[in-house]
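Several structures are given next for inspection.
The two complexes that follow have chain A in common; it is paired with chain B in the first and with chain C in the second.
Showing the complex of A and B:
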């Protein structure tokens, strides 16, 4: 007996969660389920929500950083996910996210991008940022002290400060490196730093035993030269991040902010927690740790017919997915839904995969446009216009993946997020925004079709 | 006019460094100049096989004998650069029995310990061998780290008073009449700690004798003094796998052919190789079919290679040479022997010899013979001691192994660090400062990176070859920036940024030939981290992004 839902979302990252939330939001009676396999790539990501930082220009040279991403949306080339959904949908999706995020994110007071210092000391345009980052904006002209930790090699505060200066930031930044009170292992995980502060564990320093927050503030205070704000690598708490930040700010007499970091990224983990909390509140059923391994199509009579192999060749307009098969510890469990959303990620999340001869989408074998010769998948300049960065599904304006003849692969499958191709989110700084906008549209349209 | 040095060695590969060490130990005043970094040419682009000699036991017994002798010497003097993995010559059902017998006899005649294993015994030793492998010959092949070995030679040469000048390209040979008396080099901005002349400046270095040890580039050097050196560069591809599928060197037991060897190397395995003549050692095509051929052909021996993850591929050029008139068509038939071309005898031009041909395993013996020749020319009677004196880092390795837990590092890291550092381990790792792991894939700590920076300055590629940091699965995506961080504050922000860019580009170059499957996903992740999380591709501090940002036009906060 198959598990039955109205909308089944495959993939648990930003796009999948947004799709599920949008579907659930679209109608009270719509039963929505989300299945995810591995941990989402959110914990790899900085936690910033970029919409569009740089516009691809006709001469190949990027324009930007863009002050207002919405100005540039209308000029994006055909096939770009934003072009597919339209700029109004981008605004709606952002508003939808702002509602879900509540106080956890800032940036919704203006259309303008913010510039956020990165952990290398560059600055990056982004549309929404975790509130923990808000006091650190590079367009804010207050001086800053950056604090790094001896045992955390990813953030070299004095170097980042020098880099910010080279980037022309309108304030003076100074960096210091200190030991982190209570960290005794050279290779402690970043979550260990966060939990020390979350729980305000008692640590021993030269001054005796004290709480970790106070001990950290005491160490930093010795280096503070009147800077009104202090930046730390993003390890300031996990579940009680706001409380930790407030405690440090009070003890230092300065505003405190986090500099987003690479993986594993606490702001990314916090965003994931926020989304899963919202899914639970919205009544979305979540099944995690299971891969979707196969699917079956509906034949004309409406009964299920065998699988992936034949479907890839025989698919066409009007073909419908009847059910997908989920592998739970070796047991194959069918999940049936009326509408499906594919949000399995790109090359990193393995929603798009490759072999020596081909690039493919592993669940439904949807068409992935790519050059035949794999030496045409890349260019020599590491930051050049990389074709591989644009690998993914080409959708219609309903976000239904199209086959090689530009026909929808299936009538009841939509795709969202990094599994879509035709854009380079890393160069554009558009990953978060595309996931939100396409997730929102795919989820909403799926739910609407159920209602019909 | 006073000469600057007695002997000037051109080329900082294994041969050049070996010669410099040998002559410096004999008390000569030696200067070595290298166009790029040490190992930049062929030495840094090989599969890291320490030959037992088995490979040549049928076709070239003189080479085979020389290999096993040098193999035994290097295990003694450079234990920290060698992993004695052992090797197998594996016979498949379609491979000739007669050749198998010839190989076995050849090994025994050349003094190479050799033992026949049944197919079952071979698979017990190497479980991933193909099920239909018939039998194998076991020989003492090994894996060698050419970077460490070359650097150890150069360091020892310096310890004996030599001047080692990297990033110094020979732009002219100084010739007066029929005598070559030195070179002109152009200095480039190399690593900081080593004493380098200002970038872009040219220096004339005069010498009593010049040794052209530039391998595949020997013809280009010779041409600067109108000397013809008909070196025949031949390219070969090597593909690096992300884990060691095998723990011994796997050779195919058949006469010759491309793609017939797998060499386990630290945490990886290297597949090799092809053999194809090229006209320019600096510019030759790197082709997809070569990589595919490695995987397809070697999968016949080790089937899981077909599905395994490759990290990157790289190409090297052999400095093949054969005496004029031999006329061999196929580069695989050209001898691997080396030749000493005394240009006085050959061309009537005194003061210079060229060294061509040869192979890595016998670099020391080559250096000894060439050094003998140079000493004879200069009337020096000192004898060679390089076979007896350990290289820096290799003394007391057992003592150090026994004290493995002393450094407060987790044991695999400690073991591998100590293997890398040899007897220098305590000096480098005994630090009171925090010593986190900077490169997770290879387990390289901050102390090691800092030690390498001490030696090589701001050139992160030089740090890489000394430590292996950034050479694992992630190919630098997660650790390049950590390595760069260690350059600050000694080097300013702009230097650090340039060093990071250079290392990241270099890591990308080799990956391009392995871009499918897991490694393409990794490349996308690396690109995402550097472009998205760090915005390094649109860094406003970079010159080409220099249009100033109007910071106050952006969101300044609520």
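Showing the complex of A and C:
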């Protein structure tokens, strides 16, 4: 016996969650399962969904920031994930995301990139942003007060404000640093700040005992000089973020926004919660905390055969994965499905691994194109285009990973997200968009093939 | 990282394995070399955002500090283990959070072991109290021999007062009731297994709680397995060790583990797989034993141990068997224990409940219940424990349900304590759906 489903998605980051949701959405009776190991990079990511902020240019440098990412999609090089799925699919995937996110995200009214101020005071071009950042956009010409906390050194408000002004923001920005009422420890976790505000826990300040929200507003009010909007590091609540923002805005008489922070990131955590809530609503079965470690191929008779690790040589459209093996703390549990989607992430998510001699994909040993000589994996200029940043699987237009001879490795395996190669999400600012677009296409196609 | 920085390049475990020379950090962790694990940490702090204690307690430095950072400090000079390690509840959430394969809970367990061994006064109230809580198994037989007396005494306000004042055990909680007949007594009385089957055999690790406090869960397991034609063995066993790990009593845990590994390995030798009904017990046998001990057969026992429900899902078509069964209008608020979550079992109960006609189960979300075994029993931790649980209580109250459902005995205490709901175990619902009122049937058979 094995655990049986129609579509099995491996990896629960943005790409995997989107693939599972798209598969569940595509077929009425398609049974979808998502198996994921450790937590995804969503918890590190800013929560912004970038489609394309900078385009790879021929001289190796990046071009941008781009005003309209869609203008640039057509010129991307062959093999880029957006080129593989086509720009129509990128639009569909964004619309699909907008439906899921509902009013938690903004930016869907225009093709153009929004400019979101970051915690360093730079401005980032992005396609979709959490509503908590909406009042902070750099294209908005209202003055802003930025508030940092003494115990949260990642956001130096006065410095960020100075950077924003130097970058030519069309408003004046001022920064202050204050103690956060109720936090004493200098390395308190971001979840601690959020929890205090979410629960409006009672805190003691010079003015006596009050709720954390009121105490924070009182401290900030002393510094407000009529600015119509106030920006905080993104720690304003978790489950009740909207309520916290409203309470602060009411108490301050100003609009309140969050400035996206470095990892770990609450907007990323909230996005993760949103996606997992959607998975539950869509009836996707989620198995988490355990890795897929191996697979078995179907032989001619249709039964499983232990072909693990040997498929790399014989690849061809006819080869099918029969089942994958999930390792549950040492016990091996077979999971069988008709179609598989691989969304295990890149070097950081551990979907692609490197050793001294080779770069490889550890579950199916899919082909990862890379130079023979490891000294060609990177260039000396740290700001140059790094070949290693593009390492990953090379898929066909159906997103089936291709072997060294450009044949699909398996008939029933597709790949999505950071496990794909051919793009450098950090340089291009395209991580979220590629995960959405490829996840959407891979999930949808997988479900359609089950239906057939 | 919202700007042009690149995420840290990863450190692939295995890549540098040939080169390291082992350094011993925690002396009593004999075979342990945690260096490759510690070196994997790239300080992303994902573990910290998953720690339920750090979320409510500003003073707890979090798993990243407890694990890899403290480890590095230790290596450089003569640092003592930080006493904050005793604030960790051993929920093991940080383990599955880490994207970089840092063995956090293993580090916490060893660090706690060293702290208790080297830095804790063995005559202190805290040590004595922790040892009593961790070794609940040793007291339970006495209480079980006189369950009514024990329940009566435990319920007395003066007992609670002594518990709190003398031992630091919170008086806010009601001691779990002892069953008038333990599971093992019932098992002997019943004459053991009703089915013999050399081809389908399981050895049941019932743990302490199902034996002394909730034998109905253990009975449910027996009946559900017999329904599928299994021969159930009930080998001799000691506590799984979970409360001992959590209290840094590694020597106590080692003794218990040795017995368990020996007995269970013998059962495996007889052709059985091991099944457990408590998620912390299965976690302990599967993950903590191989991480901390190296008795002969430890790995073998770990590899052949299963969660009891999971085992049936893989070896039988449990879901198909449940289709077509029905129970009259039951709706549950389900909480997945941290130790189920860590084993990838958090979705399983909802999937199965969906298959039974008339049963509805609502997942109350991924928050931790907060009790974490003995943790929530300590007077100084009680408040933290309840703060952590708050989210779960709220979600339970909001769910459209009359009863609670979970697989962990201490989570169920917390659920009951925080909401007043009566709490059931998944196996009990399966029993009701598949077998019906077996107690009555067995009584009739016994009489006849």
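Criterion: the second predicted complex is superposed on the first by the 452 of 452 C-alpha atoms of A that agree within 3 Å, B and C clash if a C-alpha of one lies under 4 Å from a C-alpha of the other, contacts with A are read in each partner's own complex, and residues count from 1 in each chain.
Simple rule for what comes next: a contact is a pair of C-beta atoms (placed from the backbone, for glycine too) under 8 Å apart; a residue touches a chain by one contact, two chains touch by 3 or more.
All figures in this text were calculated on a predicted structure; none of them were measured in a lab.
**Student:** With both complexes overlaid on chain A, does A:263 touch chain B (first), chain C (second), both or neither?
**Tutor:** both
**Student:** Applying the document's definition of touch, where does A:158 land relative to chain B and chain C: first, second, both, or neither?
**Tutor:** first
**Student:** Could you tell me if A:186 is touching chain B, chain C, both of them or neither one (first, second, both, neither)?
**Tutor:** In the superposed model, A:186 contacts chain B only, not chain C.
**Student:** Looking at A:137 after the superposition, I want to know if it touches chain B, chain C, both of them or none. Which is it: first, second, both, neither?
**Tutor:** first
**Student:** After superposition on the shared chain, which partner residues are touched by A:39: those of chain B (first), chain C (second), both, or neither?
**Tutor:** In the superposed model, A:39 contacts chain C only, not chain B.
**Student:** Tell me the contact category for A:290 with respect to chain B and chain C: first, second, both or neither.
**Tutor:** second
**Student:** Touching A:2 in the superposition: chain B (first), chain C (second), both, neither?
**Tutor:** So A:2 only meets chain C here.
**Student:** I'd like to check the shared interface: which positions of chain A are touched by both chain B and chain C across the two complexes?
**Tutor:** The answer is residues 44, 46, 118-120, 122, 124, 187, 260-263, 347-348, 350, 353-356, 386, 388-389, 426-427 of chain A.
**Student:** Show me the residue ranges of chain C that touch chain A in the complex, using the header's touch definition.
**Tutor:** For chain C paired with chain A, touching residues are 1-10, 12, 14-15, 44-46, 48-51, 54-59, 61-62, 65, 96-101, 283, 286-287, 290, 299, 302-306, 310, 313-317, 341-347, 351, 363, 366, 390-391.
**Student:** Write out the stretch or stretches of chain A touching chain C in their complex.
**Tutor:** 1-3, 35, 37-41, 43-44, 46, 48, 118-120, 122, 124, 182-185, 187-192, 194-195, 199, 239, 260-264, 269, 276, 280, 285-290, 326, 328-331, 333-334, 347-350, 353-356, 386, 388-389, 426-427
**Student:** Can you name the residues of chain B that touch chain A in the complex?
**Tutor:** 288, 292, 295, 410, 433-438, 446, 478, 481-482, 485, 488-489, 492-494, 496-497, 504-505, 508-509, 512, 515-517, 520-521, 523-525, 527-541, 548-558
**Student:** Write out the stretch or stretches of chain A touching chain B in their complex.
**Tutor:** 44-46, 50, 53-54, 62, 64-65, 67, 106-107, 109-110, 112-115, 118-125, 134-135, 137-141, 150-154, 156, 158-159, 162-163, 165-170, 179, 186-187, 260-263, 265, 346-348, 350, 353-356, 373-375, 377-378, 380, 382-383, 386, 388-389, 425-427, 429, 431
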